[in-house]
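In the two assemblies presented below, subunit A is common to both, partnered first by subunit B and then by subunit C.
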Partner chain A sequence: MTEPLLVFDLLLAGVVVAVAALTLLVRDAFAMIVAFVVFGIFVAIAFVRLAAPDVALAEAAIGTGVTGALMLRALAHLRGGSLSGKDPAPLSGPTRATTLGIDGTLAVCVTVALGIAFFGAPQAGPGIEAEVAAALPQSGVAHPVTAVLLNFRSYDTLMEIVVLLAAVIVVWQVDRGLSGASDPLTGEVYQGFARVILPVAVTVGGYLLWIGAAAPGGAFQAGAVLAAVAVLVLLSRLYTPAAAHRHLIRATFVAGTVVFAAVALGVAGAGRTAFEYPPGHAKSLILLIESALTISIAVTLGALFHGREPASPLRKETR
Partner chain B sequence: MLDMLGIVLMGLGTAFFVAGTVGLLRFPDVYCRLHALTKADGMGLALICLGAACTADAWGEAVRILLIWVFVALSGATAGHLIARHARRAGTPMQEGRQ
Partner chain C sequence: MTEMTPAMIHGLAGIAVFGIGLMGALAATDRLRRLVALKLCAVGAGFVLVAAAWRTPPAAPDPVPHALVITGIVVMISAAAVALAIIRRLHSLEAETDE
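Let's look at the complex of A and B:
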């Protein structure tokens, strides 16, 4: 046998497909979410085997951890505030047909877009590693993935953070209009556990942010770890969102986008275009952007989990 | 020598995971299953982490692996407690004891 881990890889590939099928076929929504989380863990291991630790970290932290928590939160909301509650009545009639039509159209669009991207990409030959490696000394960081995300293709990254900002704005807007929304879940987790874990988790988040300049890590992974901190703080009721903190929370939502855009535009001029960091200051500028992004991502994801603007004056209270 | 010890420990740990999985599949109610899963997997993870720490190249690596064990054990215990309490509040019945 040429490759001793070949059996492991084949098993892993089989398991990923099997768990994906399970996720789609199981009828209970809670079991579906659990299967999705298991699927994400196996996909993260697959990315490790493909020598892509950055993607594996992102998949494990964001794609599995934070997304799983958000989906469980949404399910509890649908079941009237508790996961052990009843599923809402299934859709019927024209609503069902419309929903199926929209979902089907979206699924086809995504599949077609992925197909175009896959078949449009060069099928063989080297990728852009050589170009990235050649430009790495000017990027200000030593890790190629961070260099691509925060320097060479930073416009894309800015758009990602804008998407997150848009999501939280929409969630707060929708929540304002819901009169019968269930209260957010808090206070379920043992506080002693939270008190032990929180300092360590914050340290790990800071470490991921700092190490991102030289090794796998960076703003999104650090933000996801700190978002887990936020979720734990909410669930153990160490912090309850108060009306007085609304302005601070809103400022934190936009901080990442604002700092990123301000730096990107601020470096323009004197022969440079936007997003073209001066080589001498590239590392400090990237770290500045990443720090703001990390805090923004963490607070935004935490707020998405909580799902409610604290004591909004515009919220309809009809109960 | 240390590598051999590491492999033996990891093998033992795997056996505990198998035992925990058998318990998860065979035990009658959610509380027994949780018991099997958290206890056996906790022990299995401890052995696997010790084994992995034995085969680590540097001290720092070994310490990090042991830290992972500590925190996974803590969160495993907390999560097991959460699930059991949720099941109890939701009224999941317990299997009556058999003499």
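Let's look at the complex of A and C:
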């Protein structure tokens, strides 16, 4: 306990748990989302303390920033177009005490099991970081997390981008049936602010993409920063999605998956399997994939925020 | 008790957040709150993974769990976006029924 940083860790962990509890205890749904965003920021700081800056960036940008924006937008829709106002009535009356008791017992059992698993495992024991470090020179990049994401376990990352693609398809399909009364966007952001912040944000996104090869950063963090640009452009009405742009937007959604899959399959043959990049070209191939992923992620997250496909005014939407 | 490390402190916090989220998801009475509770659960699980990847400095942490958690964060926002779209749709369907 002599180390001041350990005291900081204890305080930080206490705040994280307290804000998590506050998030679910606060009654107002708007306050709940704000508390959730605050929680995410504290979690990101804790990830930095755990020497995981990549995860901290992803949590702050995607898990907190974009997720918070999505939730606020959904709340505005539930409250009929504005963020203030009454919530719709709860689905059911107060839960019965016996149900709550059983729920609580089960939740405690599962949580204790997780605790036993965590503390039963060897603390700070060797994982597979030695294998990663040994294979790092062949991966084409110098940053271990990027090497794992885009080379050693790139199959996972391809599937992840497919999940994101599936999500935007489902959201467009579900939103198609929304009653026409709901305006997709209700925000009004000062355009001067957007003009000042946009070049900076685009530069930061490009830098994060490039630096991901050697230091914390990469396609997901860069994509999230550019998604923030997309949200800002939509809210300040610098760009209004038009039906004519639908094909371009759809092409951008699939660009990441297509480029990733094409490169993965294209390197196969001549004794190599799919996803096995030739060492000499690994860095350029990874950067190519990451650039396509960044643009796809940014546009997909922006579209998830906007919801609802831009509809053609000429053709009547069929229910 | 062995020596305290940041991994133990934050691992414990992650387990607590997971438990809070799980209880919240079971006890929530509205859909948005249940979604937020499930998000807390996911963040708590990621917290435990990142804490388990921590190594005593100057050793570098294990990058594999870090990559897994980043993948998890992106999958979670996809799931959250779909859930929010379904919540919006259910809400407008219920509003139509009420009229």
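Keep this in mind: the second predicted complex is superposed on the first by the 270 of 319 C-alpha atoms of A that agree within 3 Å, B and C clash if a C-alpha of one lies under 4 Å from a C-alpha of the other, contacts with A are read in each partner's own complex, and residues count from 1 in each chain.
Everything that follows uses one rule, which is that a contact is a pair of C-beta atoms (placed from the backbone, for glycine too) under 8 Å apart; a residue touches a chain by one contact, two chains touch by 3 or more.
Keep in mind it's a predicted model, so treat the numbers as computed, not measured.
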Check subunit A with both subunit B and subunit C modelled on it and let me know: fit or clash. fit
Tell me which partner A:A44 touches in the superposition: subunit B (first), subunit C (second), both or neither. neither
Check whether subunit B or subunit C contacts more residues of subunit A in the superposed model. C
Check whether A:L72 is in contact with subunit B, with subunit C, with both or with neither, and answer first, second, both or neither. neither
One more residue to check, A:V196. First (subunit B), second (subunit C), both or neither? first
First, second, both or neither for A:L208, with subunit B first and subunit C second: neither
A:L83 in the overlay: touching subunit B, subunit C, both, or neither? Say first, second, both or neither. first
On the A-aligned overlay, A:A230 touches which partner chain: subunit B = first, subunit C = second, or both, or neither? neither
Applying the touch criterion given at the start, work out whether A:R153 contacts subunit B, subunit C, both or neither, answering first, second, both or neither. second
Taking the superposed arrangement, what is the smallest distance in Å from a C-alpha atom of subunit B to one of subunit C? 21
Quick one: in the complex, what on subunit C touches subunit A? 2, 4-13, 15-24, 26-33, 35-37, 39-40, 43-48, 50-57, 60-71, 73-82, 84-89, 91-92, 94-96
Please give the residue numbers of subunit B that touch subunit A in the complex, ascending. 71, 74-75, 78, 81-82, 86, 89-90
Using the touch rule from the top, collect the residues of subunit A that touch subunit B in their complex. 83-84, 188-190, 193, 196-197, 200
Show which residues of subunit A lie in contact with subunit C when the two form their complex. 1, 5-6, 9-10, 12-14, 16-17, 20-21, 23-24, 29, 32-33, 36, 39-40, 43, 46-47, 49-52, 54-55, 58-59, 62-63, 66-67, 70-71, 73-75, 77-78, 87-88, 90-92, 94-95, 100, 103-104, 106-108, 110-111, 114-115, 118-119, 121, 123-124, 127-129, 132-133, 144-145, 147-149, 153, 156-157, 160, 163-164, 166-168, 170-171, 174-175, 177-179, 182, 220, 297, 301, 304, 307
